[in-house]
């Protein structure tokens, strides 16, 4: 396996080279379903202001967050009882496709309708507790949003914890961090690390629109849980990336414990990324008892990561761009970057992403 | 009457199209007379820092707010007992024409005088309770500042209320907002709107250096006062713009009530506009009783407008420029823009503004 | 003596002319020795982020403040017990020359060593209670840092006060301000100035890599001390600049009193300058009694200066650049600028600074 090189030179942010790539013909998480209720919700998607709301049928809608009349954000208005979204300044209203359906004061039947008064709309869908958005206006969405993992254990033993964080970094840096093992051993040492060190072998494999690393021989004490039933000594552990925005970390000690942390990323802007951590787990303990433990540990780790990701971003900007060097321990960062860039290039060229192998397969042994 | 188009494409702010036009050979309000006392007052005029002060005779003076020596703002100094303005750093002093008259320490009679030490001055005048300033240095002011309206009712029945607000928007957006009826019916609905709707006819006319709209058939309940003596059912109502910076709204129910709200604008910078609301009124009630009512209503409305104007500005900038669409209900915004642009172009060409008709005359009927 | 002209037109900050010059082949103060202990210290040097720390021998080290791996600042890490500096994210470690000596997890002897993993280092030295840094990487330092003045009075009568301030201005403006007499008479009038005025003669002389002004006939009451033993009526007073960053003000009333205020400047960035005021003094009074008086006066004066320097900077930037005019009372500002520019130009040309006379010698008489 060749030594991974640094991100290539085609980052898209002016003023320096940054690992910013935004493939646009993919589903991205917009918000959890439960947070989209009777009020409009404002987000930015790759720096573009977007307003989310539910129409009269409860279906989630997404429009460019600008009234065509005097440009105030539609998210400063409200959802009208008719299920249309109403601008707060002059009361213009728009349906879920962005068509203007009311201009208060204007006389004449259908007087409101005019192509110059329409707001561009984004395709949306809802799945697994999230509203998803398709960033490219005017293109037909293909495929389904990423499916969260299913568990087959008894319901009382299966739990879920979801928490969110806005990270001051590129989506690429967030993805790499989520799947990076060496910083876990070091930065989160106080939480994770045992006194002893072990040689661990990592096997990297291409996935369909993604890449996976499996760790062999990883001692239990290295992971988030230090004692296991039955005296098991090693975990099964996989780290996975799926285009365009999903990191997934799975731990198993068959048949007792399974933890899958699926991290869904929304690129708010080049250097700000919203992450939802959806942790699903099953264990011999009741899920109810596990939830507070998982939540507390997850939040503690996340805070440390968020601080360093912000420092990384700020410093790269102080120096006018990223200048990374990598070792063979950087198992996924460069592969993620190549997949993101490849997807972006294919969209620009108007072709589907090539299904070529990433040349990322192979094994690495390291010590942790 | 043709459908008004959006602001044309010659906005002067780099990085996008914005309705920013600053005609410079006109009087602008600098500050209320009563606020210019013994201390220098700093403003910006079209982004240029200006210091205002009163000389030994009490006459208001305006200089570029920069000491020619080491560039500190003169407004950080004081008015010297001699009536000159004194820099706070080294004590250099300047007369009302900006000539340097003292450099502490420098020996020799008239040693201070030197053309390289002079500060450019702006022409000023005082009228109707305001200090006015002429933005173009070196050109001879022509004409008088805008005259506030006179009332002929008994003095005890005539009142005045003045309040100020710094708006986060272009001067054009502030002027349009001040004279826009449809948003009044919608945004200020809780204050203004009755349950019933009526057809109202608007008659638009060119004025000398301005434009006016008269509203016919406007029901009382639509305006700021809901009950009128004598059971009158309709207001007389005019909205007026006068170059370069005055909006005026007049309501009358002859012979009982007259309210004239004259709004004087100072363009601090492209996206920040200071507005003084000078409300004069006469009614059967004593002016003293009316003042707190007028003030409370005015301030409540203004706060709502200020919030939306700030949202409008911020959103236009997030999208890299304005992209407005208009209907025939946008009665004055586009005419104001054309007058501002025409004045600015005439100054650049070195010719007086052409006295061509604005093609804005005509009638529109709408419902409110 | 020719009238000094303003700073020439080669200021190096884009977007306007500013007195910004950063000669790079000179020693600059990095921090007081006493503030560099067990934790890394972050500074910026001419806008470049630098981390300072002490190695295993206690020697001060300075590296570019960026880990080559993922670019987080090394100053967010710690000094490892081995005396190397350790990045806080993945634990990479670097020696005092910036060579990578550890990558946790990487297998194989000397696996960490790689030219792509090294951090550029700055030369450092320690003298007179300060750590000094040489801004040009890769060039061999020449000469010694500026030597603080020695006093030969009895130790109990000799005192030192050091205080620091971050000034919002160019290093040039800070240097000029520190050595400018006229503003002292005016701005600090409440502290310094007597009622009476006197003619004072200033004699300006070239120094080796610097310039000096001696004041003749300066009355005691003008300076910081109003009563002197023995009824002395005049001070001896010198103001001095030494390349690249030292201002020095010396007062003497032989043989009783001597005060030397040496101000060491660190150009953090074009418009932010850290200044250490090292005041050494001897007097008939015990040094212990003098210290609080010197400290209180020094801080009071400094606060006034800092406020005006910030106003000067902000206003120059509002106007898009400096536009200074000078008189013969501006005894040192322009000479300092010429020396800074000459040093910078010589470095660019690759030649040693020319030892030409500055044509600054001569006398000026003024009143204060």
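Miscellaneous remarks
For reference, chains read A, B and C in written order, and residue numbers begin at 1 within each chain.
We adopt the following convention: a residue touches a chain if its C-beta (ideal position, glycine included) is under 8 Å from a C-beta of that chain, and two chains touch if they have at least 3 such contacts.
Bear in mind the structure is a predicted one, so any value in this text is a computation, not a measurement.
Steps from chain A to chain C, minimised over paths through touching chains, total 1. On superposing C-alpha atoms, the copy chain A sits rotated by 120° relative to chain B, to the nearest 5. With each centre defined as the average position of its C-alpha atoms, the distance from chain B to chain C rounds to 48 Å. Multi-chain contact residues, meaning those touching two or more other chains, do not occur anywhere in chain B. On the side of chain A, the complex with chain C involves touching residues 173, 182-183, 185-187, 199, 308, 311-312, 315-316, 318-319, 322-329, 365-368. Remark: chain B residues 49, 65-66, 68-73, 76, 88-91, 103-107, 114, 116-117 touch chain C in the complex.
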